[in-house]
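Chain lettering (A, B, C and D) follows the sequence in which the chains are written, and residue indices restart at 1 in each chain.
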Amino acid sequence: MALTIGVDVGGTKVAAGVVDDRGNILEKVRRPTPSTNPKETADTIAEVVDLLKGKFEDVSAVGLGCAGFVDETRSVVMFAPNLAWRNEPIKAIVEGLVGLPVVVENDANATAWGEARYGAGRGHDFMVLVALGTGIGGGLVIDGELYRGRFGVGAEYGHYRVVPDGRRCGCGNRGCWEQYASGNALVYEARELARVSPAMAGRLLELGGGKPEGINGPQVTEAAREGDAAALECFRTIAQWTGQGLADLTAVLDPGCFVIGGGLSDAGDLLLEPVRQAFANALTGRGHRPLPEIKIAELGSAAGIVGAADLART
Amino acid sequence: MALTIGVDVGGTKVAAGVVDDRGNILEKVRRPTPSTNPKETADTIAEVVDLLKGKFEDVSAVGLGCAGFVDETRSVVMFAPNLAWRNEPIKAIVEGLVGLPVVVENDANATAWGEARYGAGRGHDFMVLVALGTGIGGGLVIDGELYRGRFGVGAEYGHYRVVPDGRRCGCGNRGCWEQYASGNALVYEARELARVSPAMAGRLLELGGGKPEGINGPQVTEAAREGDAAALECFRTIAQWTGQGLADLTAVLDPGCFVIGGGLSDAGDLLLEPVRQAFANALTGRGHRPLPEIKIAELGSAAGIVGAADLART
Amino acid sequence: MALTIGVDVGGTKVAAGVVDDRGNILEKVRRPTPSTNPKETADTIAEVVDLLKGKFEDVSAVGLGCAGFVDETRSVVMFAPNLAWRNEPIKAIVEGLVGLPVVVENDANATAWGEARYGAGRGHDFMVLVALGTGIGGGLVIDGELYRGRFGVGAEYGHYRVVPDGRRCGCGNRGCWEQYASGNALVYEARELARVSPAMAGRLLELGGGKPEGINGPQVTEAAREGDAAALECFRTIAQWTGQGLADLTAVLDPGCFVIGGGLSDAGDLLLEPVRQAFANALTGRGHRPLPEIKIAELGSAAGIVGAADLART
Amino acid sequence: MALTIGVDVGGTKVAAGVVDDRGNILEKVRRPTPSTNPKETADTIAEVVDLLKGKFEDVSAVGLGCAGFVDETRSVVMFAPNLAWRNEPIKAIVEGLVGLPVVVENDANATAWGEARYGAGRGHDFMVLVALGTGIGGGLVIDGELYRGRFGVGAEYGHYRVVPDGRRCGCGNRGCWEQYASGNALVYEARELARVSPAMAGRLLELGGGKPEGINGPQVTEAAREGDAAALECFRTIAQWTGQGLADLTAVLDPGCFVIGGGLSDAGDLLLEPVRQAFANALTGRGHRPLPEIKIAELGSAAGIVGAADLART
C-alpha cells in the first residue's frame, strides 16, 4: 500500500497527515506556523514530515498545499500574502530536509483535488471548488485533472470584480467577489447591520457581547439556525452574491459541479438553498442548458491534506 | 493531402471553405442564411458543401461552426438565438445530406481554434479568444485542446455580470460584459455621447448623417483615427471595460495569451493599447505573477471556417 | 380686470397668452423660435406680445418663462442650452420693444407657479413641481412663494446624481436623475428593451415601425394602456427611479405636495400608481412622518403661460 | 437685555446655556441624558433650566434643540432615534415644569440657525448647514428664516440616496449620503483600509492600538495632519462624497453658502480643500452660474445652544 504525506501550510498553522490511496488519513499532526521566518517555516514542515515518516515505513512522497502563488513548475512559491515567502524554492528545500520527493501546490487547489477525488466532487470530471472562508479559495478540475493555468495561478475566483468601485480588497483592488461572498463578508454584513440597526440585530449583538465588532461567523450561523430575522437576512445577502458568482463562473467554465467549502459551508442548507435559488435566477441561458450540481464540501479542513497527499502520489 | 470543409453558420450568412492541413482556404463560397426555417438552413449548408466537394476530390469531413449552444456530444444545437434551431440534430441531418462525417461546434469556439492553430494564438497552449462584435464571442484553448465545458456551453464570457443592475442584455439578464465591451457597446457609447453632447460629438454626427442613430462602428473607428476627441473617449471607455474583463478572466483562467477578434479588433492599436493599460491596472496580484500576452486576431472572419475545418480533421 | 401676458420661450416655439387674474387664458398665439439669433428671438417675443396687446386694451405687464438660467434680479438669461442667449439682458430688451414692464423667470419655475396658483398645487404652500419631459424641469413653491435660490438657479432637480458613473447627461456629468426618470428615459428604456429583446418588445417595435429608434413616448404609453408587458416594464422602471427621486427630494425639502407634469404625465395613473408605491418604499423615516400628496399636473402645457403671466402681475 | 436659555437635547447629554442677544453664552451646564425614560429626560431638561434661571433674573424663554423629528407646530417630538420619545408633547411638558415659554426645534436646525446668525453663515440669507458627525445633521436657512418644511422634518440631507443598493443605513434604507460622508464614514474607510491593507495603514493601526476597530476619527485626522498616505486617502474619499453631495444640494437649493460643521469639521482645511475641489468638479452648470461659498462652522458644539436660545427669542 502506497502512503504519502499531505501538508497544509497556512499563515497560522501547519497541518499534516499520512494518507492512503483511498483518501484516508491514518495519522495527523499540527504545529503553529513560524510565518515570519522562511527557514523556520521550512523546518517546521520538515519536522512534521519526519515525525509522521517515523511512524509509517512506506511513505513515498510529500505534497505541500501552500497558501500562495505557486509557479508553473510546482517548485517555487512566488508570493504568499501571509507568509514571508517571496520566490521561495520550497520544493528543493524540503526535499533536502526530508529526503523524499516533494510536490508543491496551491492550498485551495489541493483542497479542490481532495474533494474531487474523495469528497463531494467524486464522479465529476468538471468541478469547481469555492471555499468561502476569510476570503474565497478556488480550485478547478477539468477533464479529471487539476487545472493550474498557464503560470500556475489560475482559479483565483475571489478576485474577479463584481462591483465597480466596490469594497476595498486586500489585493489592492476594489469590488472583488470575496468581499461580498465569503465567511468574512457574512460577518461584515452582520456587524454593519448591528451598527446601523441595533434594534433589529438584537440577538446578534447579544451573541457578540453587545458590540458589533464582537460578532463572529459561527454566531451568525447560530442565530440563523434559531430563525433570527437579522441573521437570515445576512445569509440571504451573502447567498445572493454567491449564487450570482457561480452563475458568472458557469458562463465562463460550464462545470458539472460546484463544491462549496470553507468555514461558511458549515451552515449547510441555510446557505445552500438560497445560493441555489440565486444561481438559478442569475444563470445566462437558463432554460436552454443543463445545470451543474451545487453541493456542500464533505471533507472539511482535511481536504487540503488529502488532496496534497494525493497529488504527491501521481 | 487531407482536405476538410469548414462552414460558418450565422444568423445572416452561411460561409464555407475548403481548408488544407496548413490552415489555407483553397476555395470559398457564401450564401444568405434562410434563418427562420430549420430545413432550409440545413439545405443551404448541404448546398455549399456539395458545391465545394464537387471541386476537390479528397474532402474527408465537414466542420460546422454554429451560432448557438452545441450539446456535449457535438451533435445537436440546443438553442440558437438568431436561428430557428431548437434541439436540432444538425450533425445527423447534414451527414445524411452530404454523405461525409460532420463535426458540430459553437462558432466562437471554432474561431478560437482557428486562431490557436493558425493565427495569433500559435504556440500558446492556454489561449482565450474574445471576439468583440455584436456581442462577445468566447473560446478557450486549454493544454492545446479546445475547451468545451461539461455540457458544451463554456467560454460564454460575454454573459458574466460586470455591473449589478446594469444595462439590459438580450440574454434576459442585466449588466453582462458584452453590453459594455463589444462593437455594439462602442456604437452605444458614441450614440449616447452624440445624443447628450452634440457639440462635442460633431464629427461623429457628421459621419452618421446628422443623427445619433446613424453612427456606426467603422465611423467611430475612422473618427478616432483622425484624432477626434469624442471618438477617442468612446474607445477609452470600451477599452476600460475590456481590460477589466480580461483581468477578471485572468483571475479565473490564468491564460498565456488573449486574442482579441471580432469587428472591433479592426481598430488595432487604437483598441489594443488602452486595453493593455486597463488590464495592467486591474489585474489582481500584479507584480507577483507573469502576464499573459494580449494580441489582435490575425485571421479575421476566416478564422471560423478554418477552425471548423480543422476540428473536422481531428 | 387686470390682464397680463405670459410667454413661454422654449428652444422650438414661443407660446404666449393673455391671462386674467383667475388664471384663464383669453387668447393664445404661437410662433417657431428663431433660436440661433438672439435679436430675432427677442423680436418674435415682441411680435406675439404686440399681437395680443392689440386685442386687449388693459394688459399691464408681461411675464417671460425662459428655458435657461435666469439671474437673481430676474432680468438676464445667463445661459440657455437650446437658445443662443448668453448673459442676454432680455428684460430690458423686451421692455424696450413692447413698452410694458417685463418679468423674466425660468420656464419650469413659471410652470410650477401656474400649477401652484391655478392647478394641481392649489392650496399647498409647500409644493414641488417635477416636469418629466425631454429632461426634468423643476420648480418649488415655499411658504406660498416661488423659490428661486440665492442666484436664481434653484430647483434644477434633474441634475442631482442618482447613479455614480451612470448614464451620460447633456450637462456634462454622469448619472443625473433626468437620465433615469423623464419622458426621454422612458423612450430610452423601450428602445433598449427592443434592441436586446425584440421578441418581448414585439408590440413596441410594431408601433415604432419595426426599429428600436422608431419608438416614441406616446407609443410606449399606448402599448402600456393596452396591457403590453414590455411597455409596462418600462413604466415600472421609470416609476421606480421617479419615486426614489421624490423620496430624496422629500428628505431635503419635506414638501406638502408633489405635482408631476411634463409630457410623461399624460400617462396618468399608469405612471402615478407605481410612482406612489416606489416613493412609499423609499422614503426615509416612513411611518414616523406625514406624507406629501403626489398628483398629476392639471394645466398641461398652458401652465407655463399662466404662471409667467401671474408672476408679471405681482 | 433679553436673555434666553438654549438646550441641546441629545441621546447622551443635555447641554444648556444662557445666551444674550448677541449670541454670547453667559453660563453653561451639562448633564447626561436619561434617554430611556421620557419623564426623566424632561426632568433633566427642567433641572438645567431651573439651575440657569436661578442665576440670571431676566431669562424670558427657553429653546430646545432635540435630536428627532419635531412636528410642524414645534410642540411635539414625533420620533427620536436615540431617545424614548414617541409623539412626546415636550413643549407643554417643559413649560409646565419651568414656567417659561418653550420653543422646540430639531437640533440640527437649531445649529444651522446658530451658525447663520452668529457663526460662519453670518450675512447669508440662503445657507445650508451640513454637520458631519455620527451621521449628517442638516439645516437650511432661506431668505433669512429657518426652513422647516411642510411638516417640520425638512433638511434631512443625510438620507437622500447616493448609491443604489449601497451601504445599509440606520434609517432602514441603503445608500444614504451619511453612510459615505460623515465622521463615521471616515472611520469606516480607515478601518476598512486597515483591515484589507494593514501594511499601508500601519500608522493608523498604530494609533488604533493595533486593531482596525480601535481606530477613531480624531486619530485619522491626526495621521492625516502628519501626512500619512493612508489617512489622506481616507479624507480624499470622504471629501469626494461630500463635495458631490453639496453639488447635488446646489442643483436643488442653489444656496449662497454651505457651512460644514460636526466633529469632522475639526479637520479644517484637510477636509475643506478637497471638498471644494470635488464640489467644483461635480456641480451641474458649472461655468454658467455663480458659486456658493463653502466654509467651516465657527461655533463648534455651542451652535446648537446658541441657535435654540435665539429661536426662543423670536
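Keep this in mind: a residue touches a chain if its C-beta (ideal position, glycine included) is under 8 Å from a C-beta of that chain, and two chains touch if they have at least 3 such contacts.
From a predicted model like this one, the values you see are computed outputs, not experimental measurements.
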_Centroid comparison with chain B (C-alpha atoms), farthest chain_ = D
*When the contacting C-beta pairs are counted for A-C and for A-D, which pair yields the higher total?*
A-D
*Could you grab the centroid distance between chain A and chain C? Build each centroid from C-alpha atoms only and quote it in angstrom.*
56
_Distance between the centres, which are taken as Cα means, of chain D and chain C, whole angstrom_ = 34
*Distance between chain centroids, defined by C-alpha means - chain A, chain D (Å)*: 46
*Could you say which residues in chain D touch two or more other chains, in rising order?*
164, 169, 172
*Touching residues on chain C, where the partner in the complex is chain D*: 69, 78-79, 124-126, 138, 142, 147-164, 169, 171-173, 176, 244, 247-249, 251-256, 282, 284-286, 288-290, 292
*chain D touches which residues of chain A in the complex?*
167-170, 172, 192-193, 196-197, 213
*asked:* Which residues of chain B touch chain D once you look at their complex with the stated criterion?
replied: 164-165
